[in-house]
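We call the chains A, B, C and D, going by the order they appear; numbering starts again at 1 in every chain.
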Amino acid sequence: MSQPGTADAARAMFAGDVASRSLGMELVRSAPGSAVVRMRITPEMVNGHGIAHGGYLFLLADSAFAFACNGHGPATVAAGADITFVASARFGDELVATAAERARYGRNGICDVTIRRDRDVIAEFRGRSRIIERTAP
Amino acid sequence: MSQPGTADAARAMFAGDVASRSLGMELVRSAPGSAVVRMRITPEMVNGHGIAHGGYLFLLADSAFAFACNGHGPATVAAGADITFVASARFGDELVATAAERARYGRNGICDVTIRRDRDVIAEFRGRSRIIERTAP
Amino acid sequence: MSQPGTADAARAMFAGDVASRSLGMELVRSAPGSAVVRMRITPEMVNGHGIAHGGYLFLLADSAFAFACNGHGPATVAAGADITFVASARFGDELVATAAERARYGRNGICDVTIRRDRDVIAEFRGRSRIIERTAP
Amino acid sequence: MSQPGTADAARAMFAGDVASRSLGMELVRSAPGSAVVRMRITPEMVNGHGIAHGGYLFLLADSAFAFACNGHGPATVAAGADITFVASARFGDELVATAAERARYGRNGICDVTIRRDRDVIAEFRGRSRIIERTAP
């Protein structure tokens, strides 16, 4: 039986998330406050420098962040985020984004996501979340 | 005649930027240190909350940022960026990202991008750029 | 006659702001959504590299940000901020922080602050504000 | 015997850091890539809202960040930082900042600092570091 505050919230969200699924993302694991998402760099994700467009790295991290935050139940959105690009990714690379919540206070939260290719860090992302609705009683 | 440090650098970059063009972005205007890019929200850009995935807003801003920075000539990449989501965008919305450089120092720069739908601000982005090569003498 | 939403709110706030005044800050100008604050780098502000501690640059920007935001009337605090250090400041430098609001939405706002020594940019700050109370009717 | 790349670099830096010492900071522990710094909120650190000025929280985090980064040996400065204010601190509060490096690449690094009062998180800080000199061979 499905309960708010379990990973089912993230699963249900992923099922309806056309943006993440159409990019070939795979929700590897999720729990309230954490998530692991995998994505492979396709030819459409390459920019004018011949490397993966930073926007797709952000997109991957943002999805992992969303699944981690929404795993608690109440609908939660990104208020903002910061990303630092550590290394380039290229066509064919399989990237894994690991999200872990760092703080929750009031309706706000901070959730860090590290994107890796094998052991190499590709990007570090810090998302600022905000709960927009309470679950029904 | 094409010169480094003119908007041609941005045009050439856009021509080779599969990521930006495959999303239907249009480079409206560019000059060294500034750029305007337009993009329409497609069904593939919608997330599990029924609104445009923040990653696509980031992607749009990041592209405008890249065209503005690279308009000076030397190849410049994003070292990182921060985005604040001000309002939601939806399927069919036409968004315009306006990038304006704020500071340049050494090989670094700061470039702000505002995404608007008509007059409404949708997101504020601040990119940190880094020159990775010098133009040939 | 004092009205909420005028620069008097910033003036009153500055009068009670021991932190800002004890560092010798001067509120040069303020209006709803903008402020200019001046501060001189003292020997106590110098760090282990012999330059002004970045924390004091942040402090100056954060004060200008607070006076700009609170100029509207309702008590507003910093939810967070990002600062980029562009150039070093040294003992004796007179710094001027200029704050200008960029967006307001719901109880949130974004306000940018540039710190300059004469014409040179020393730091770029972007603050995220949050209204914590409404003014009495 | 002192070696670059040991905690001695942080100790030596702290000894010369007038800014940190004049605020009563105590370097509790340091190692290459990590540091713990303690500071008590004094009356001079209180702002116009009656709470600790966010600038002093930033200053504390920035110091812990500097000691962690410089523990490797080469002189390292802050290129920038983001701070999120989680809870207020008040006069008399003893705060502890714990810095832990998250990534190092080229001359760049990312270092996270959490400020706590006992177990409560007061602020989350993410610093971007940059090596400005190499140690002598």
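Definition applied: contacts are C-beta pairs under 8 Å (C-beta built on N, C-alpha and C of every residue); 3 or more make two chains touch, one makes a residue touch a chain.
Remember, predicted model here, so these are calculated numbers, not experimental data.
Participant: Taking contact as defined at the start, I'd like the list of chains shared as neighbours by chain A and chain D.
Facilitator: The shared contacts of chain A and chain D, listed by label, come to B, C.
Participant: When contacts are scored as defined above, which chain pair ends up with more C-beta pairs, B-D or B-C?
Facilitator: Higher contact count goes to B-C.
Participant: Between chain B and chain D, what's the gap in Å when you average each chain's C-alpha atoms?
Facilitator: For chain B versus chain D, the centre distance works out to 33 Å.
Participant: Mind checking the centre-to-centre distance between chain A and chain B? Centres are C-alpha means, answer in whole Å.
Facilitator: Inter-chain centre distance comes to 21 Å.
Participant: I'd like to verify one number: the distance from the centre of chain B to the centre of chain C, where each centre is the average of its C-alpha atoms, in whole angstrom.
Facilitator: Computed value for the inter-centroid distance: 29 Å.
Participant: Give the residues of chain B that touch two or more other chains, as numbers and ranges in rising order.
Facilitator: Each of 79-80, 82, 84, 108, 128 in chain B touches at least two other chains.
Participant: By the document's touch definition, which label belongs to this structure's chain graph: line, ring, star, complete, or other?
Facilitator: Drawn as a graph, the chains make a fully connected set, so complete.
Participant: Would you mind writing out the residues of chain B in touch with chain A in their complex?
Facilitator: 12-20, 22, 43-49, 52-56, 58-60, 62-63, 66, 70, 75, 77-85
Participant: In the complex of these two chains, what residues of chain D are touching chain B?
Facilitator: Going through chain D, the ones touching chain B are 79-80, 82, 108, 128.
Participant: So in the complex, the part of chain A that touches chain D is made up of which residues?
Facilitator: 82, 84, 86-87, 102-103, 105, 108, 110, 112, 114, 121, 124, 126, 128
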